[in-house]
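Submitted below is the structure of interest, expressed as structure tokens.
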């Protein structure tokens, strides 16, 4: 029984939050890694584009809510997703046409493109605030919980409980579907394979008759889908605020690099490693150990490895250590 | 009019040009007939690879023409030349390393409309080892096998001419012999082969025609056997 | 020569704005971490100014307000902005800044050197009580030290023996957490853990998990209503870690209840304010003007602007050096009580030589070093709204 | 300096003078001070990027360390805190260093395999537990002493100008550690790693209260120049001001700013002189050779990694110096104010716009971008005012636009960066 309690405790406080946070990071990191694989630069505007797409979803959701449209227990925002995807696709393609394409044409150094993406970041940053303002926006509706901590406790009779939110279920399910669809697309379709070919060997892809502009456009479209999904799921699970989305940039990058830049599998794994380590390393294990250890051996202190103040640092220390030992990340990333 | 029996399938005529201001090629002519193997040899820096790239359109020509089956293609981009029937295997970076062997071949057929399974089977028949390893990532194969993937990929468009830039660079002599055997086999199916080779002796041995370039210009042009027999060619370029 | 050039240029450029004009600078962090609450704060200050202008009783001229951005956390930007407002826009007084750090920077680098009065509605750091200010600095928000005592007595009266504290990781949160911890422990209670949280971060489950292990009957949340504080509460409820929260002033706002919902029922907190009908009046005025008057520090902002203008009227001068001594007079008894919407009447009384006691939207009572005395309302969430339980 | 560059600097000077006329001399002087500091920060980034091509976006961390150095150098020590837990903290830090040294030695000496992993793990765990066991009580004791105004160990009570030197030392020391760890990484990875490490430095500054009061800030740092208030009551100064025809307030404010400006200008001149000499020296040529072709430089027997480390440390030291100057000017240390957008990306914009690889370009970029950073907001407000003038007073859109005015600044920075990158990729003053 105590063992079960310990397990439920860990699930409630570490595993479930880490899995849903990890899923959201995974979608964002996938976008970053795809851009890196195809366009070969680190896309610093990612967080802000995420906010832009989500802003589109939110405005549409409000309109739908006002019109009385609802999905029952599911959030209305899911219906609004296409609009957000169109919005972020529009801004990404606009940035590509007006900024990035030029550097592709002149074959600029990747670093120059990274700086250009910094410029885009500044612009989109301002744009988002023009569109929806700097405030926290709430757009979640529908049922909140699949089951609550209390319901779980009452049903199982355990001392500890765990709760699962609808938004967490949606997050995990949607992420699973999107990731599966992406992998199917990349590995099974002609266009997907041509993207991988382009990522592997750009010159040879050109020789094989693959149209680079088409590959780039498709990439931005996929990124638009990923980034809007990530932003919306995150917003549903927590809340929307432009500044927070900008802040998500670092963990998303950490995940992509940790997994191996340019490697989609790596991005997903990296995201879960980051999420799990942020929550796990700073978790205070006292209660958990109280359940597992015999009476009288329970620890005095909180048994916390690191204060939560430094949870952010965990992912970076991890990142640097991994890079030192395996410079291409956990999974082999792009080497050029 | 173009006569497939006598006229060269591909000819770069009087090519002059280079990457920047300075010319590398000077009035250089390279050609290959149907089903034949043509080899470009010469000392280091003679412009062998440059001549091949010029034929393939990766270099701006100030003078000269390139004709494929009688059609002037001088102004076409490399991609357009691929769809016109030219296959090109670069010296390095000539495969998609993280993709499987089969995907590599599929990408070779990217511009082809319709079913290419038959060609795939032909490539597998030509290189049986690739059929065995078709689910494996190409980057994990040995050097010789990678070259086979690269050649196979170029064959997927069913080219009239297959151009190989130093296909045997960095492979062992045994693998080299095997590769040359395959190249002969390909030529027998009617595909013209144009290749640049470091291993001049072995290459000229299988070549119908050889071009010896020096400083971007033709020095000797003759059949492979004739060149091998020419004492001056032997002394200057084949190490005795 | 230089002087002459300068004067000509200035006269040429500001000719239209030459006479009978009073300028008020409104310096808040319109960008940066507090960017979401500052619009309602600025709107509050501007509401007071509009009211004074509309009254026609302000003898010193038309009051114009100029907004400036202090970035909340960018002291260099804050100083540059304040410098511009003071020396270029010639503001006679400043409403602001918002965050304690930049407020201190503006005070030391601009307000004191230029001798300009500044009244901050939201800088609550105890350090500002002792800062040298030449009598120029006031605040309509009380020091956090007082709030610690109030929060402690609220919790002890409710029989709470052990608490965990989480605070937003800045001087406001840290100061408040210190004050609450010290007071609560002195009152015989146990503080199981004090953990900070960063605002605007992705996820707070790690913080909540640690706090949950530490345990405690109540989780004290010393943060901001639309920032990490709310994320912490949301997460704590979702994880079943805590069910009752003690909310500090920065956490009080209808938007909190709107987003969290029924689970917040029974949580409680405190907000500066005495038994004051002015608060409700203010919220009515704010709604009519099209903004949320219950947003954090919005009433205090209204009061800050109103105090400046009343003090000017009382002194008969818009010169900071003169009217700075009148701020305490108009803010405190004796005199007629003045609430939001009463500014016209207040100006009349002052013009007639009478005395006013400005109460305003947040029950202003200035003490000692020119800061709010620290009357607090004890609030509890009942039926989806903050209800006043009693005054402390 | 050719004519074009002289004209560019003249325009910049004219802009500042214009501010002096249109807004006020005080605003202009204040801006000059910040421009000078920005120029030095930009020089620091230029040393790393322009000289050696290191894409390090950890500038914020070094600037913050410079600020910390001011506190550690110039504030008086807090004796109660030292007696309460000073020894404990020092001991804990010693344990920490010993642990790391031991771990590195173990890594080097024990052959790879399970044994090494085990040894490493044991050393790290034991070291960490010992470190925490000594540190935690000491920190509690220090932070418990008079938390509201002290609660930290204080500094060394030395003259504040000395802190500009210690700032360089502190930033350089930390840069050495960071460089050792991360300089081997490829450019993109280096960027993210340094960005993250800078965040870690800020996290330490915010949370290690015993060091510099954390987020409680340190106020009232000593100043190297007189106080305005003191000047305003000084009869000599007043008569002097009167002679100039200035009011006491204005004169004192201008005088103080001028003193700072003089100090900053001297520092900028020294750094500039050194940078230019370094640029033209064989060392500078070698750095550029490495930057332009790392492989061939390596082939020529240059120790690329050591050179990179060197230049990384130098750039960091200059950034640290600028950070110390900034905190000295502000008179307070607020760790919360360090944001990557402001202290890393903005500085990068300065370098790119000014012209990377050119010291004069970086100085111009520092001046121009700071000028815009401050002035775009009023311009934006004015523009939006113009735009919305015809809208009804109660229009929701009007209110929304006015509320958004402050964000014009970020967009402008982005647009400028994009335009420069596209149309003048070498910046306003290109590398020679």
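The letters A, B, C and D name the chains in turn, as written, and every chain counts its residues from 1.
Basically, a contact is a pair of C-beta atoms (placed from the backbone, for glycine too) under 8 Å apart; a residue touches a chain by one contact, two chains touch by 3 or more.
Small disclaimer: the values here were computed from a predicted structure and weren't measured.
Counted by C-beta pairs in contact, the busier of A-C and A-B is A-C.
Rounded to whole angstrom units, the spacing between the C-alpha centres of subunit A and subunit C is 36.
Averaging Cα coordinates per chain places subunit B and subunit D 57 Å apart.
Inter-chain centre distance (subunit A to subunit B, centres taken as mean C-alpha positions): 46 Å. The centroid of the Cα atoms in subunit B and the matching centroid in subunit C are 78 Å apart. Residue positions of subunit D with contacts to 2 or more other chains are 206-207, 403, 407, 409-410.
Listed for subunit C are residues 31, 35, 169, 196, each touching two or more other chains. Residue positions of subunit A with contacts to 2 or more other chains are 129, 133-134, 307, 309, 312. Going by the touch rule set out above, the chain pairs that meet are A-B, A-C, A-D, C-D. Put simply, subunit A touches subunit B in their complex at residues 190, 193-194, 196-197, 199-201, 203-210. Across the complex, subunit C meets subunit A through its residues 31, 33, 35-36, 169, 193, 195-198, 200-203, 205-210, 212-214, 226-227, 230-231, 234-235, 238-241, 255, 258-259.
Across the complex, subunit A meets subunit D through its residues 36, 41-42, 99, 102, 108, 110-112, 114-116, 118-127, 129-130, 133-134, 246, 250, 253-254, 257, 261, 307, 309-310, 312-313, 315-317, 319-320, 323-324, 327.
Per the touch definition, subunit D reaches subunit C in the complex via residues 21-27, 30-31, 34, 147-149, 206-207, 209, 214-217, 219-220, 228-229, 244-246, 249-250, 252-253, 256, 326, 329-332, 334, 336-337, 339, 342, 373-374, 377-378, 381, 394, 396, 399, 403, 405-407, 409-410. Partner subunit A is touched in their complex by these residues of subunit D: 55, 181-182, 184-189, 191-193, 195-197, 199-200, 203, 206-207, 341, 345, 348-349, 352, 400, 403-404, 407-411, 413-415, 417-418, 421-422, 425.
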